[in-house]
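Here it is: the structure, laid out below.
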């Protein structure tokens, strides 16, 4: 998928590729020209990506080539042991988890499991989890607590799956239960919004001691399309809704909803997954180091204060 | 349903009724004769019921007029507030529970919910619970623990329901989970086997600090029919299997599997539910008084020892 | 006993005319007086109409026992939100004006048959009972009050879900309120959740579903996702009683459905069990 | 590496002839030597044949590291049980004679890649791996050993369920063994349950299902009720993969299915996570 605002970037990139091909095939030295173009591309990417609107960032967050959890697992984590099932009804492929190792840290990793191919997305329901997914997550949180392992969660979902069976089996109960239990889980929780943070389905695994967001990730109480169709009575107004809802990492950092932005390479995570993963790794390790040094009572008290402080009102 | 060994009892009882009718209609004084017959009936009942075989007691335990949980609730308990649902998928009508008051004791009551009519039994699946029933029970046990209320459980089931959905949703997991949690629930648990104690479906709510049994209740690792068809290769041998399996209250008391027999009136609970309920009430209150006086650590330690001591082996 | 003192309270679910209330379930016309005397329950079909928070408090608490807390909290439009229909800030003022409320929940403490409790009662008239920052704040503070004074906590929900106009602050109220409930659990304090018509979205997916005991009234709509969204997603018709209290009971999410007339006594009865456990043994 | 030292160990699931083993899944004839060298996994179709407890211990533990505990425990026929085919007491003697085992489980402690663990490994040859008093006693004692010495606990189940011949004593082993697991949970000690072919009835409905991590091997039968009983009850055909490890995984009851060749290393890997948490922070 080519995003409209990326056209020039893509043009320059293909020109670079052309020159590189030319240079190789004809043994020409075009390194100066290539370097020049690359610099230009970089500058352009930076400029474009700095100025993206909320709606544009949402497109980046939804980009089909954006790294998904499985990519982060292979790029950043070692020794991943996937643990399946909610011990009640099913193993939800839309939300997965298990033991994972990040440098010196052994953790329980839980995250939405978007796919990139049609096949993967069919199997993983586009990362939209059912109650059994949230209940599996809770089981793994409790296992982490029992084994005294920090928890890392990756958020990347359009939302909790709104289907008949999901309703029947208590999507509301499953999310509510997670929110309540996560508030008091006695190990550190670091959350990264890596792509789409879609409403209740996102926060259902998102009650972190620290909540990070990638530059172009979004996090929203409702999809801009849904908001527009309710408040503007027309889904076409989604770009305005996206702006109004303040769904970008930058806005949410200012609002105090998230704690830190993890910088994506200019041009977006889909242009350089490796570099993205490297930034994520550094950020996670930094925060794990801080959180793991805290005693359990301090950790829980600070978590309670953090969420107690969410919101702005008059009185 | 008339049980074969009850024929003479029923004959005498109908003769008494006849004489009473005769006496009333004709203003005859037959009180001496009636008293004599009643005495004979009583003696006969006692003799027959003392000598029942295991197989015969099983028939009494399954008697369609035997009091079921709903009868005990209306006869013994006040202020029953039924609490529904497992908070996951369903409200199982085969296993119910809620708050209940027994004299001075406010408890959480949980039990299998057999019916007496075809309609009731269809709704309640003959007291054969599915995983959601056992999970509801666990939820109520946890509520009892949180609110510091003693637990009373009534066992009366042919077994956990052996159906496709039950297997799919983890009948094994649900029962196993209850056994594990009940071992450490921090409030007293008194269990009464009131009718049929059918295998895993029975013990799934049966890990009591004290386990009581009505005289004609049975409690078995497998139904005698099932045992006979496996070990005798013929279900017709069920009466022998019933004997061999030692399923009666008397045998189980001798074996140390149960703690006390609650005496049914001669002729069985179905002949006098009120008296039966009265005996049950006295027994439950007596044991609640003892258990509620114990500290939590003592309670748990004694429960652990009790179940640690189950079984006989050589070494 | 006509127990509603403020007859100008708006009934959201009923069409009001001068002397009549038209039941939105059976369309019967009922004398207003009779309707209110019957606690806004239709005398013809038993339909439970919606209540204002004041009516609900009057229904649940002993007369004169309610003390409101944090009454001054109100929305402050942290996002400077403007949608197709105007500014959130203006709608706040208009809604405050119209309803006499300052947020979608009233909180405080009071007594149920002489038993002290902390309460939070939502009001659907205020932005559809949506979960604003102020709503979450008040619900958390009331939880903390229950925590500090060892009181049972009762929340009566009535909400369409999150308050979009406050963006992510609204979503965060789900975690914030549940954190309050989690602390009550740690202290083994009872929490009774009453899910009234309607309780949906971010409210059903947070504190409303987490009661030690979850109760509702007949026919109440209780949902996570909206019916239309689900139909669009799965492209099939939904069961007729889908997302009603009866459906939720059948599927294991409600402990009981209680008639409005019996609600107060039933909650009291349940709390007597809690009190018994509290005093019973160590 | 032919790792089975005792070639006269009985393979319950395979028809044995002099030089061949016939795979009960694909009917292939495989040289006995090749079959055992491949850990009783069919080299043609991957079918995981059943193992004796000694073979399993050899597979899981570092060579020479196993110390057996409570080896002398054996059944004592507490019910004087006689069925259509004879006396339980006599069958006990015959089975002990035939298998060289004294109960349906071997317990003790040992090392997995140098990491100390407590273990219990069931053997289907001894009364179908059924849960006798001695079985439960040994499983509980091994749990208590893990508890006392702060060890991870690993149980490998292989059982048709309860042992009818011991009546209610057998049923009570379910509560007894789970009480042992519950105490490990309190002490936050890890318990890994390996459910091998077959794990059913009272064993699946007690300790076998309660692992912090539940794992199995491809194709293993794991069930609560028997297939025939279910078919008789619901009068309909069951799914083809019903009650296989794969079915259980899909329905959320297994954490993972592991090839036999990788089992030891996989358990070790999981335990390194436990060890990390143990030493990591307070």
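Chains here go by letter, A, B, C and D, matching the order in which they are written, and residues are numbered from 1 within each.
Throughout what follows, a residue touches a chain if its C-beta (ideal position, glycine included) is under 8 Å from a C-beta of that chain, and two chains touch if they have at least 3 such contacts.
Model, not experiment: these values are computed from the prediction.
Enquirer: A-C versus A-D: which interface comes out with more C-beta contact pairs?
Expert: So, comparing the two chain pairs, more contacts are at A-C.
Enquirer: Take the average of all CA coordinates in chain A, do the same for chain C, and state the distance between these two points in whole angstrom.
Expert: About 33 Å, centre to centre.
Enquirer: Report, in whole Å, the distance between the mean C-alpha point of chain A and the mean C-alpha point of chain D.
Expert: A distance of 41 Å separates the two centres.
Enquirer: Approximately how many whole Å separate the CA-defined centres of chain A and chain B?
Expert: One centre to the other, that is 54 Å.
Enquirer: If you look at chain A, which of its residues touch at least two other chains?
Expert: Expected reply: 87-89, 168-170, 173, 177.
Enquirer: Could you check chain D for residues that touch two or more other chains and list them?
Expert: In chain D, residues 185, 251-253 touch at least two other chains, as defined above.
Enquirer: So which chains end up touching which?
Expert: A-B, A-C, A-D, B-C, B-D
Enquirer: If we count contacts the way the header does, which residues on chain B are in touch with chain A in the complex?
Expert: Answer in residue numbers: 87-89, 131, 135, 168-170, 173, 177.
Enquirer: Under the stated contact criterion, what part of chain C meets chain A in this complex?
Expert: 70, 72-76, 78-79, 81-85, 103, 132-134, 136-137, 140, 162-176, 178-179, 181-183, 185-186, 201-202, 204-210, 222-226, 229-230, 233-234, 236, 238, 242-243, 251-253
Enquirer: Spell out the residues on chain A that touch chain C in their complex, using ranges where they run on.
Expert: 160-164, 166-173, 175-177, 179-184, 199-200, 202-204, 206-207, 219-222, 226-228, 230-234, 237, 240-241, 244-247, 252, 255, 257, 303-304, 307-308, 310-315
Enquirer: Across the complex, what residues on chain B touch chain C?
Expert: Residue list for chain B touching chain C: 79, 81-91, 99, 106, 132, 136, 143, 146-149, 292-293, 295-296.
Enquirer: Using the touch definition up top, name the residues of chain C that touch chain B in the complex.
Expert: For this pair, the touching residues of chain C are 185, 188, 190, 212-213, 249-256, 266, 269-270, 272-274, 276-278, 280-282.
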